[in-house]
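Look for chain A in each of the two complexes below; its partner is chain B in the first and chain C in the second.
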Partner chain A sequence: MAQTAITPQGKIYPPTNWKTWLGVAPFFIFAILFLFLPSLRLFTASFTDPEGNFTLNNIIQLFSEKYIVDAYKLSIQISAVTALGGGILGFLLAYSVTVGGLPKSLRSILITFSGVASNFAGVPLAFAFVATIGRQGFMTHILRDYFGMDIYEAGFNLYSFAGLSLVYMYFQFPLMVLIMAPALDGLKKEWREAAENLGASTAQYWLKVAMPVLLPSILGAMILLFGNAFGAYATAYALTGGRIGVVTIQIGAQIRGDVLYNPGLGYAMAIGMVVIMAISLAGYSWLQAKTERWLK
Partner chain B sequence: MAYLSISKVTKQFGDTVVVDNFNLDIEKGEFVSFLGPSGCGKTTTLRMVAGFELPTSGQIFLDGVDITDKSPNQRNVGMIFQSYALFPNMTVEQNIGFGLTVRKLEKDVIKQRVDEMVRLIHLEKHAHKYPYQLSGGQQQRVSLARALANRPQVLLLDEPLSALDAKIRVSLRSEIRAIQKSLGITAIFVTHDQEEALSISDRIVVMNVGEMEQVGTPFEIYNFPKTRFVANFVGSLNTAEAQVLDPANGLLTMDGIQLQTHEGIIGKKKGDKVTFAIRPERFSFVAEGKKENLLEGTVINITFLGSVVRIQMQIGNSTFNMDTFNRPSLELPKIGEKCQVTCSTKAVLILEG
Partner chain C sequence: MKFLYRLRNFPFWSWLWFIIGALYFILPLLATFEFSLSWDPAIPWKAYQRAFEDNDFWETFIYSNVLAVATIFFSVLLVVPTAYWIRLRLPQARRIVEFITLMPFVVPAIILVFGLIRIYSSPFTIPFTDIQLMQPLTNFKMGTNILIVAGYTVLAMPYMYRSVDTGMRTVDIATLTEAAQSLGASWYVIITKIILPNIRSALLSGALLTFAIVVGEVTLASFLGVDAFGPYLFLLGQHRAYEPAALSFVSFLLTWFAMGMIQMVTGGQGQAQGAH
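Coming up: the complex of A and B.
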């Protein structure tokens, strides 16, 4: 009679029943159709020449063609610069509305703004910057006509590396704010008080407790920012029309084929990107897991 | 002057007075508890001693030095938090050594003192673990060791056991008391748990909405509560109103029933209303030949509390609890029956206010 002791639930939903998997099926179908199959296609295509034969040429070109290597260098530079700049600015802003003790209302304004701005990229963002500090932008005019400051005379150019970095910063720092605000909230008031009580100065507290606790989050967030900038395409394209050859733009050129046309090479470059992004994300989750374990 | 002296200290947050004219002298090596319900100002008082809050008025002296305005890191006062507040990025050893490291002591001095502390709290096997790898009780012991490593002049403990399971709570409190005694350190222990305060303190300060209700040894607080608040908060006292019949001879009447106190009632005249209290365990069933404090009641309820049986009964218009030991030979009345109980004249306590 011992068998009858199985719970009613156990009888109706044995764990191996196919029905159990029904609920998550849409997710798996979606993942297969839009993640796994395209990745597979990307992978096979990068080993295929325009005639459809197997080749290692595309991968070799990744490392030998100067303009491709330069594109990666440029992308890495712009991603690093904007991750660092946006990271520092975002951290300081997040600090000031959490630990810094600015009014609560300011905090919710900043968080809401960040939620919107971190997703504000592509053509609208490029256009907003052109209209503001482009050659004929209204801020450019105001600065020139009322303050006697001609920023383009002074060497600024929106359609340059610096200009593109500035535009990227606009979605970079809000992302940092969104990631760091909860991390800063996680710093317990008692840690600060315990440190003070044990004789530590404010500087010693930050150096020995707060920073080490935050560091994985900060580094992790910056890696995410790096990947965020690395993958951006529409913003760069809309702003510079392809004159600044970051990787995404070069891939676009290979696949669309106005001047260059070699989809296989484009796919190989995309594989290169996927590798860089995967490394970034792995680094991010490793650091995130480290902090979460501490803060459990 | 006492070792730690809290003198006429008042603390206001905005218009709210949270601590009102707090006066307390603590001797070196004494273990004092602040006991009171949540929100009565215990933590605030403790935080003023630690330097995290500034008194609105009044002064605090430690070993003859006025420390009222000193910043927390300038006083040598150890604090233990309810939430342990261990640094999550440091191992047990690093946590314990933190205070010594920031004070830039020599490496081997730190090492020696940390080892000593790790042994004191019996965590030798866990010295290299991080806080998240320890149980709550272990974490609180680390926090104790961390505070003690600095050799503080006073140890402040703010409900250090509240977050722990009942069993650990009891064992850790004796451990804390034993360590405090062996080091001879002066300690203030904040709790809202009367049993905890009674079991480990040299002296208890009972607090109620920012004021000190009574200061005394656990024996005094338990057996001779001065106010209705203390009587109700510490143990489960029966309290009721009565009229003074004969102040000089300590005679009261409650709903026509006569009660005899041990001493005369000071400052009252015949006909005055007073509040009196009787502990449940001071009642007993009537034995032959007893003349004073014979009370007849009706049994309302009987509850088994393990080693004790609590009998709830109506006497006059008031409800009283009587506790009696749960012996196998115990003969209990039935619910609804009448029974006669009594208590000694010393058990009838007259309360102020």
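Coming up: the complex of A and C.
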């Protein structure tokens, strides 16, 4: 084992023995104790019946229990809507400060603000939106008094799908800005010049050159946004107190007390969520790797 | 002429998107601030006074800050030697360690706390026997403190690891280490006197992100029954109107402070998700 190892990728690694691996042992022990064991426990428990035998029933029931199917549907819808909405707005914002011709100073303001907003979530965010477009909110009053629009009269409700989406957007589009700004920076000036020299219009340049290069990055970022909304718990709980049954809320209810009357089903629900999150992270990494060929 | 040229090239759409984005950012904050001042027109700061008079506020807020400091300390202790060792001696471990640091994106806070509770609410026994080594961590205060700091360390890991690793990329770790070793420095001295000072801006940005995640975190704190600031603010919101608005605005300022500092020390970008 003491000789230099060459991996299939051709990288040359320094010689190692088991003692070298001891250096990273604390990290692995920590990860096993507080990340793998807890996840593994949920995983095995979701394949176990109340008597402790192996079963697939919990997983099968995930797809038949209306309460659970509805929760997943709602979570997927809300994540998709806010990923799309946040993605589009975030992209346009990133565009405006990178290649859109706005003054340079606005860019650093926007990036800092995005850093703050993508971290501003949970209870304070929920309260901020109640103060803004709650029934007695600041904007609710302004829209009613100055624009003659009574949004609550028109059927809007902050504690609904639309309301929760609006709140999620607050941390969704800034994340898009943070991911897309560097990608848009990667568009080379030469590509645009070359396109123009060949007689392409602005629209043609965007459709035929810029978009194909950016598309994997945009899709990847939107998938990340999807996962970001899918895993959100605190914001939804603080805003609705559990009245909107997204998956995280239902899992929370299951932890507090066995509302499904079958602990195994609760574990299966958690694992189902991990699977969706894993798929979205894998999709993001794959698309990100595709983009890096062009945008470096 | 020049004016007309400018007008033709005025980036109308860019400005429009920017203004829409700016309004989205600012309006909720403005509304919260306005609402927090509207309790008593005679004493505009009444909500802030009342909020800060509450002993529970100080207790939970200080407690959350202590948890944040403990998490930062523990994360640095765990991540810095690991990242250092991987750069210096064990590049083969890079992929697996990077993969592990990304795991918190796949296992969100609510799932993590679910698993932690299920594992650590039963007593520790010697495997295959009934001999108890320790009572369940969730049963005593120090135990829940350990659990929550461990949980926060997991949540902060992607950001801490990435910050530290990026910081180490910019300084030549191997040369620094060799130079220190040839002068007779011990590993402890190398890490504390050479490596840490050289990556201090990366450390600071990782620490501030961790701070932003931990102070105000609700999910882990409420399920583990820890009296932290997040659950306090949530409960306050159940039966009060103005104080929660005031404290929400204050926590926004805190996040702003943390992110502004990161911007200053790195000139780059800090971001976190998963704390929602």
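Here is the rule we go by: the second predicted complex is superposed on the first by the 253 of 296 C-alpha atoms of A that agree within 3 Å, B and C clash if a C-alpha of one lies under 4 Å from a C-alpha of the other, contacts with A are read in each partner's own complex, and residues count from 1 in each chain.
Everything below uses one rule, namely that contacts are C-beta pairs under 8 Å (C-beta built on N, C-alpha and C of every residue); 3 or more make two chains touch, one makes a residue touch a chain.
Just so it is clear, the structure is predicted and the values come from calculations on it, not from any experiment.
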| item | value |
| --- | --- |
| Three-chain arrangement built on chain A, chain B and chain C clash or fit | fit |
| Broader residue contact with chain A after superposition on the shared chain, chain B or chain C | C |
| Contacts of A:171 with chain B and chain C, given as first, second, both or neither | second |
| Partner chain in contact with A:77 - chain B first, chain C second, else both or neither | neither |
| Which of chain B and chain C A:121 touches, first, second, both or neither | second |
| Chain B versus chain C as contact partner of A:64, first or second or both or neither | neither |
| Which of chain B and chain C A:194 touches, first, second, both or neither | first |
| Touching partner for A:293 - first (chain B), second (chain C), both, neither | first |
| Contacts of A:24 with chain B and chain C, given as first, second, both or neither | second |
| Partner chain(s) touched by A:208 [first = chain B, second = chain C, both, neither] | first |
| Once both complexes are placed on the shared chain, angle at chain A toward chain B and chain C, C-alpha, multiple of 10 degrees | 90 |
| Chain C versus chain B - closest C-alpha approach in the superposed model, Å | 12 |
| Set of chain A residues, in rising order, touched by both chain B and chain C | none |
| Residue ranges of chain B in contact with chain A within the complex | 50, 52, 71-73, 76-79, 81, 83, 85-89, 98-99, 101-103, 130, 132, 143, 146-147, 150 |
| Chain C-touching residues of chain A, taken from the complex the two chains share | 5, 7, 11, 13-14, 16, 20-21, 23-24, 26-28, 30-31, 33-35, 37-39, 41-42, 45, 89, 92-93, 95-97, 100-102, 106, 108, 110-129, 131-132, 137-139, 169-171, 173-175, 177-178, 181, 227-228, 230-235, 237-238, 248, 251-252, 255-256, 270, 273-274, 277-278, 281 |
| Residue ranges of chain C touching chain A (in the complex, touch as defined) | 9, 11, 13-15, 17-18, 20-21, 24-25, 27-32, 34-36, 78-79, 81-82, 85-86, 89-93, 97, 100, 102-119, 150-151, 153-154, 209, 212-213, 216-219, 223, 230, 233-234, 237, 244-245, 247-249, 251-252, 255-256, 258-260, 262-263, 269-276 |
| Interface residues, chain A side, partner chain B - complex | 188, 190-191, 193-201, 204, 208-209, 212-213, 293-296 |
